[in-house]
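Both complexes shown next keep chain A, but they swap its partner, so chain B is in the first and chain C is in the second.
Up next is the complex of A and B:
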């Protein structure tokens, strides 16, 4: 009783105290972030140019939005992150449902699921090259057992315009994340709810639809927004696994940023600002979802 | 109106026997309480009946027909749990109408019946609230409404009142019993609280370690416990080891005549309820002398302890009776033969 009420008090600790606790981290994060965004914004608006006059203009944005390049890149990037997030979410839920009773309380199970969480995306992307490339492991195995004529006949899974290897890498990395979150949400409480629903006449599908999914949604949807925002901004994976066309937005921004023509730099930073706007939107959706579900629980 | 029977049901979880060889019949429309200490397997029994678990051996029948092949959603044996098991993402009325919605009743009709049932369990006007905006007692009322609207053949209640404070609990007991009686729903009520079991149950099934220890009307458990464990679980204070031969039990303080109960001759334990012990007026049999060593006023009665040699007997007197005794008095103690009860003595 006493412990419970004390932790209850902790939870409602005055917001000011939370800020004080976060202060050391904020002191590092906020200035860097604010300065970086401010500089990017300034440069995208034609201020602080490396060559020529400093002149406030929306030229960079005008060029970007009127050309097809940005729109194609935005569509491609959205397709990559939405597609991989949806796939990873779906697979994560399926795995969690399949293993919920098998793994309940099993450390080995939890360990297996978390196995690839600490692996950096960069390493994951390289592994995809070694696995899925036309000179990769799968191609060699397929060639040596006679499934295909030679490694070159292996379908182009990397550097392809469909971005399949990119999606595969994201899904490989994020499925365990979703599965772990879903497993945590499917504790004994979910068992009780589903059991009661069954005795009230709900069959398998209705239990899933009216009990399991609504219990998972409050934790999985916000997590999906986070994964979307992360994959949307990831640079190294589309750089390593993507083709030259279409390009993901971070890759496009990087290419423009490192262009010999210094005049391309405002456009590079404008792309960054557009990405920031989209990710900020995702963050707002995340907060809104969190509040909505918090009100329900 | 459904009868439930369990035939030699066992349930084993890996290496643990949760329920062993349990046979049990409930009468149609009765409220049977399953009583036992926590971990005795009571919840497992409910889940077996509901169909959420499958027995390792044995058969479960509703109205004489085996239901083992039927999944829980077909059995209409509705479970109500201890915790607030309302779906947190649904309003109270949607929770109440859940079974109707699952059966495909039109939404407006289901909600109308939900509202009506919520009124009947004492929650008029609260249908639109989320479970989180309801008190624990209100949540359990919604859960009861939800169970009743499912028109259960069997109502399975797993300590539904355990988390409520005493006053609410008394109200809920009354509401559950009233609802159950009016509809004559055969009900299994699980509890670890013997007082609750006695108050709620038409009959009690006492479960120890997954086995049925004794089944019968509540009175039997106080006056005719089958074993020392049962007597102890029901708070029996007076238990004396002795040897039974003829009609006499030889105990260290007296040879007691006995009117009822005939286990085989040999070692026995004799018990008597404190309120059956008579002080002062000597009876025709089983009267010895003892000295009052303690007396405590308890409102409805006075708890008295009488020493007979090394043995202490607890007696319970009406307050007006108790006025004629005080601590230190030597008095006659009578254990009426028809109130003494014998149990086998060769067990723990």
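Up next is the complex of A and C:
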């Protein structure tokens, strides 16, 4: 009895207890999520229409993939998502490395990095309009120092095909996310390891490559997948900051979903399924990478 | 060959001097970064207290509190939207925590068959775009006439929030010391008493963090609430979006700040706990 309690009763608890503990969460999250995905899939295949007959067909997918709209939208969304994920990851790591000694002791620094955590992307996007629009604050600063002679001369950052304001919003929001994760991963051990490596004669680059990077990669890779998935699927930001050509996939899907022509609905859900497929692919690539990474160590 | 570390570690006045300068420039750079991070909020604050503030004005001529007065007026729609957001948020927090505590304990303390599958099932919703979940479920609400939109919104908010709560709680239980609870049980405490007097106080800081994260995620939802709420459940983000299409910049900016004020205050109050949590678990994209 006592021996068992020291080693932790839970560790040897009967399997049924484990499942009783897991069941409530599984019973709520899984059905809602699975039903959502199943209904989306069914509707994309022409089943369960709001009006008319239910007929299994791949028409929605055929229409989408034969037109240029989906491909352009897919390319644009991938560019936005990969671009902002890479940029935010890079900046986040740089900030964590540059400031780790400054921030590791201070709660203030960590708190400041958390400050935009509760800010919804909707609010961030609205602020970006005021900051980056052609008559926004940045344009006014440029005008007042004589860089441009009117709002029209300021580069179009919002509603533009380059989607720069969208990327700016994502990067603004995700840099602290990556920085906080990197700071936690570096913790206090990084200094010791790097010190040892330095004493053994390792230069700056080799210390980074063989000590710092292996500490960061295992936590930053999953974080990057989460950010990729999130930026790929976010609706409000490209809606408020993007133009009508090309449209980000969530915006395109929503437009088709709310089309008066109910025939467009299967296409909207097919776009949703394509989005899920791409995010799943990203997660699978990560899992493969992770395994290879673990194998090398 | 002399190891580099010997050279850089050699103490001396010059070294200390450059060290101080380096530290000062790092601090300045940190200041720039932090300013950039709060700049968008500053921009909203500036636009919220102006009228007729157009290009090329850098500083506004006409400062006024019209937008704030309108929004904080006792008859304003803001209060109803705030009450709805708080109600949905607290309901989601309560349910998410009740689900996440046992699940987090199972995942944090046990290894069992199919553990990876369970983790996948509980964490996968984290990666799914809310729009796709909402479009799929919209059918159920339209055709199956699930009429109670408010509880419908609470239910769908669980999809993106429970994974976070489970993630935080499994981290908490992985570092949880089982011994005191076992001792209480050995001394004759019932399961419930042991939980109430031993486990709960031990995991309380983790519960606070999980609760804050869940509230923030629920508070930020737009498209899930819009489609599942069917226009009947007006939370602050829904009101904010509607206001922003009205084109009144001051009003939109002030409402944007009102929308984030409660959660920002909450984060401020709990930052002691939140910053102590491993950041890998507190991230919200």
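Here is the rule we use: the second predicted complex is superposed on the first by the 254 of 297 C-alpha atoms of A that agree within 3 Å, B and C clash if a C-alpha of one lies under 4 Å from a C-alpha of the other, contacts with A are read in each partner's own complex, and residues count from 1 in each chain.
Throughout what follows, a contact is a pair of C-beta atoms (placed from the backbone, for glycine too) under 8 Å apart; a residue touches a chain by one contact, two chains touch by 3 or more.
From a predicted model like this one, the values you see are computed outputs, not experimental measurements.
Contacts of A:75 after superposition on the shared chain: neither chain B nor chain C is touched.
Once the two complexes are overlaid on the shared chain, A:262 sits clear of chain B and of chain C alike. Judged by the touch definition given at the top, the superposed model places A:113 against chain C, while chain B stays out of reach.
Measured by the number of chain A residues touched, the leading partner among chain B and chain C is C.
In the superposition on chain A, contact is made by A:199 with both chain B and chain C.
Residue contacts after overlaying the shared chain place A:122 against chain C, while chain B stays out of touching range.
Shared-chain residue A:153: touches no atom of chain B or chain C.
Shared-chain residue A:284: touches no atom of chain B or chain C. Residue overlap on chain A between the chain B contacts of one complex and the chain C contacts of the other covers 195, 198-201, 203.
By the touch criterion given at the top, residues 192-193, 195-203, 206, 210-211, 214-215, 217-218, 295-297 of chain A touch chain B in their complex. Listed in rising order, the residues of chain C touching chain A in the complex are 1, 3-5, 8, 23, 26-27, 29-30, 33-34, 36-41, 43-44, 46-47, 54-58, 95, 98-100, 102-103, 105-107, 109-110, 112-113, 118, 121-122, 124-140, 142-143, 155-156, 158-159, 162-163, 166, 178-179, 182-183, 185-186, 216, 219-220, 222-223, 237, 240-241, 244, 249, 252-253, 256, 259-260, 263-264, 266-267, 271-272, 274-275, 278-280, 282-285.
Of all the residues in chain A, the ones that touch chain C in their complex are 1-2, 5-6, 8-11, 13, 15, 18-22, 24-26, 28-30, 32-33, 35-41, 43, 48, 50, 95, 98-99, 101-103, 107, 109-124, 126-128, 130-131, 135, 137, 139-141, 143-144, 151, 172-177, 180-181, 183-185, 195, 198-201, 203, 219, 223, 225-227, 229-236, 240, 250, 253-254, 257, 268-269, 272-273, 275-276, 279-280, 283. Those residues of chain B whose C-beta lies close enough to touch chain A in the complex are 47, 50-52, 71-73, 75-81, 83, 85, 87-89, 98-99, 101-103, 130, 132, 146-147, 150, 156.
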